[in-house]
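Same chain, two partners: chain A is paired with chain B first, then with chain C.
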Partner chain A sequence: MTTLPESGFLLLSGLLLGVGVFGLLTRRNFILVLIALEIAMNATILNFVYFAAFAPHAAGLSGQAIAVVLIGFAATEVAVGLAIVLGLNRLKGTIDVAQGNLLKE
Partner chain B sequence: MDAFLLLDQWAFLIPLLMVVSFALVGLFGTRLRALEWGGWAAVGIGGIAMVLGVGIAIGEMLHPGTYVNAQYTWLHLAGTPGPFPEGISLVAGTLVDPLSALMLLVVTVVGFLVLLYSIGYMHHDRGLPRYYAELSLFLAAMTGLVLSNNLLEFFLFWELVGVCSYFLIGFYYEKPSAASAAKEAFLVTRIGDVLFLLGIFIYFFHFATTGPSGGWAANGFVFAHGTSPFLPTGSVGSSTLLTIAGLMILGGAAGKSAQFPLHVWLPDAMEGPTTVSALIHAATMVAAGVYLLAVTSVFIGFTATDQLAIVAVGGFTTFFAATMAVVHPDIKRVIAYSTISQLGYMVMAVGAGFAMVGLFHLFTHAFFKALLFLAAGSVIHALGTQDLFKMGGLRKPMRVTGTAFAIGGLALAGIPPFAGFWSKDDILGSMYGELGSHPLYWPFWILALLAVFLTAYYIFRAWFLAFGGNGPRDPTLPPAHEGSWVMQVPLVILSGMAVFGGLLIFVPGFQGLLLYGAGASGIPPVYGPTDLALSGISVTLGAAGIGVAYWLWGNGRIFVLPESSPLQPVRRLLLNRYYLKAAYDWVGARAVYGIARGADFVDRYVIDGTVHGFERAFGAASDRLRRGQTGVVSDYAAYVIAGLLGVFVLLLLVAPYLLAHLGGT
Partner chain C sequence: MNLGELAFLALAAVAVATALAALLVRELVHTILWISVFFVDLSAIYFLLAAPFLGVLQLGVYAGAVTVLLLFGIMVTRKRIFSREAAAGLGPVPLALAAVLVIFLVSAVGQLPAGTTPVTGYDPSALSAALFDTYGPYLLLLGLVMLGGVAGAIYLVREGRE
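After this line comes the complex of A and B, so read on.
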């Protein structure tokens, strides 16, 4: 085991997470919100891969496996998200997130 | 086992029968039209109850001094370390002893006669099923009261007779005066009831661990008997706590028995039907206060201070009520004041330690006073008025009623050999024997002696006004007629009791009813008047009263007090009932209303204000919170992230701090 090198990757993944969360909270366009969510998700995946590279053999493998699973998960999530976007568009004629406030009732 | 003692075990059947009558007439009375709206059903059941009651009394006469207690434990509260190590039992049961047998005899016999008389008297009234149902319920409660074997059960029935009295005074509820009289009776007696309850509480704590067989409270307040540590002479030494408890019991009795200063309700209770006045407000319910004092005096005992207070209240009321009867123009109210006055004699006798003497007067009084009321009822039934000054000459068309009223009057006035003579002179004579050792009793004894004169005067004034003279003074009155046989038979039977009731003490068996704890206990036996000189004085006073009444009112004379007479202010004072009722009304209207308004303010603005304040605070808070629920996804995402950050802060900053400072691991 070697010590972890410069934490550039961690900074990168932190930055990605920040960009993702910022986009998630500020964007009104539903598709942009989904994209922001993807960015935040990729920050997580990057972390898994990064730590897996330094882990012992078995743990490293499981880290990489989780990264692959997460990529699949992100794909399904986008599929569901886009389905919601279509539904919202059909219902309200817009994909503005703020218009999807039926839960309020 | 003797058949009568077996009957004592089943004494609870008497109240039960009357409850059945209450339910039967109350529920199906309107369908019993052929039976006088259920009246004959009530009379029949009342007759069975009377047979049982008389049977129990005969059994007690054959076995003097015995008692039969039948009870079961109603509720047992487990003991706690502290004041009640044995726990507390509440029992329900019946106790047949000389006291209750005597009362049972009075209640069932007078009750039956009044039910019978009502068939004729109430004939024209509406709401008869209600009347008979309420009267049955009253008899159930009253017989239950006299059979109670413990103070709590006694109190329950005590309240029940009170509410029946309320119903029956307000029987003509569409009349405002009757409705208000019913309320007055209920509220005034309620003052006494609260005091009575306080008295029970004090006895409860005082006798929780002492008394017969361990603890009185632990044994369910059951009245103890001759072998108890309580002195059955009516006295229990001196104890501040017991003195207070005794005064509370006196307060309860004063409310029920209409003693000064809680007497105001009884004259107004005459708004009810006359039959109700005869049964409830002359013979039975108002006697319950005297009975309570007698029971307390026999089973618990009063302190010397209590005894003086009771003698004072009784003796003063005797005279005080008699003075008001002297001037009143209403035939029923004259008899009502007379009832208050006679109850005063009984209270005084019980207070002086002669419980059984007092109960003997209760016994004779119940019959001759019911007789007077029923005779007055006959007059009211025939004429439709209660004003003595409109009546006159009734002795000719109403021979039975006139004779009955005269017999009742002679018994009340204490003329031998009528019933009242034996019992009243027994009270005066027994008290006289005590005067040497209790000099403070003197003034009240003298007041009671003077009341003998007033009693004879006012009752014969009423007789001369109603029955004497040549004809009615008010020509618009309908011609008088005698009532039907159902009204005459009770008059005849009660007249018999008014003549011979006092002579019963010479019947050896009957004395058994008046001996309590024969021999050992020290309750003085009753043998009628023993002091001939004293009897001479009281009979002379009574005869003088009758003489003065004849001189002023006989032969149709009307005595009018001259306007210039110095007695005019006294007359006005008496007619206005010493202004006590006005004073009570003032207290009710001003003081109580003021307190009520204060309470209303507290309720409306302090208590309700607190409640509404909480309501408004939570309403406002929830309104704020609700605004956060926008329904917009990104807002919820923001909340989730904020929450997550909060968890991080807790985990990374607060938790290590707490662990370091609180020493956790």
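After this line comes the complex of A and C, so read on.
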């Protein structure tokens, strides 16, 4: 049985979420926005896996089960996001998020 | 400081560094390289947390499928594959917002009890029971969402939509 630093995982998760939000707010390229979203999503999943190791046995497996479902949701989100990227590229010839303003009119 | 703590500190440093590098480098293909290192690093953290099934899933889904999908997205939307991004301006407002979020989360960490966490052993049969029995409806919902996502993606990229 190994021991691990307790608050370190939550610190790491918070830092990764901060990096993800920062990328989400500053990047203009749609693919980079998707990558920032994935970093933030991974920070969330890390939290679930961490608390799964922290909790008693039966409850801990709930955290791992939810993490499996979340990984699936994140993969679907990337697939739909890339379909939107391709559609935007065909329509506008660019994948700059500031150019996607069709719903403004 | 034991071996687990040392491994965690190294993996955590690599995770934050590669996540930042992925968002700050100027060539999109280099971004993909950094983000694949990030995904493999998180997979190692899952192994450290006694969740080998999730570690393998992370390797397959993220380091495998998502990375290739993003690379494919870059390939079809760019004229030249090694094209540079415009100079990345670090706006003070997004930086401040992210910093406030991190400070808020880190201050909440201080409220938790100190000490080290015992990592329990791994039991694959109990995990499968939890996944397919207790959380079976969620898994079913995930399947439906994936089906809807794939159908929506095909609808978005099909030819002759005008």
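Please note the rule applied: the second predicted complex is superposed on the first by the 99 of 105 C-alpha atoms of A that agree within 3 Å, B and C clash if a C-alpha of one lies under 4 Å from a C-alpha of the other, contacts with A are read in each partner's own complex, and residues count from 1 in each chain.
Keep this in mind: a residue touches a chain if its C-beta (ideal position, glycine included) is under 8 Å from a C-beta of that chain, and two chains touch if they have at least 3 such contacts.
This is a predicted model, so every value here is computed, not measured.
Undergrad: Specify the outcome, clash or fit, for chain B and chain C once both structures are aligned onto chain A.
TA: They fit: once the shared chain is superposed, the two partners occupy separate space.
Undergrad: Could you say whether A:Phe73 touches chain B, chain C, both of them, or neither, answering first, second, both or neither?
TA: After superposing on A, A:Phe73 lies in contact with chain C but is clear of chain B.
Undergrad: Which partner does A:Val97 reach: the first (chain B), the second (chain C), both, or neither?
TA: The answer is first: A:Val97 touches chain B but not chain C.
Undergrad: Check whether chain B or chain C contacts more residues of chain A in the superposed model.
TA: It is C that touches the greater number of chain A residues.
Undergrad: Quick one: is A:Leu25 in contact with chain B, with chain C, with both, or with neither? Answer first, second, both or neither.
TA: Both partners.
Undergrad: Considering the aligned complexes, could you tell me the closest Cα pair distance between chain B and chain C in angstrom?
TA: After superposing on chain A, chain B and chain C come no closer than 8 Å at C-alpha.
Undergrad: Find the residues of chain A that appear in the contact set with chain B and again in the contact set with chain C.
TA: Residues 21, 25-27 of chain A touch both chain B and chain C.
Undergrad: For chain C, which residues count as touching chain A in their complex?
TA: Residues 2-5, 8-9, 12, 15-16, 19-20, 22-23, 28, 31, 35, 38-39, 42, 45-46, 48-51, 53-54, 57-58, 61-62, 65-66, 69-70, 72-74, 76-77, 85-86, 88-91, 93-95, 97-99, 101-102, 105-106, 108-110, 112-121, 123, 126-127, 129-131, 134-135, 138-139, 142, 145-146, 149-150, 152-154, 156-157.
Undergrad: Could you please specify the touching residues of chain A with respect to chain B in the complex?
TA: 21, 24-27, 33, 97-98, 100-105
Undergrad: Report the residues of chain A in contact with chain C in the complex, numbered from low to high.
TA: 1-23, 25-29, 31-32, 34-36, 38-39, 42, 46, 49-50, 52-54, 57-58, 60-62, 64-69, 71-80, 82-87, 89, 95
Undergrad: For chain B, which residues count as touching chain A in their complex?
TA: 629-634, 637-638, 641
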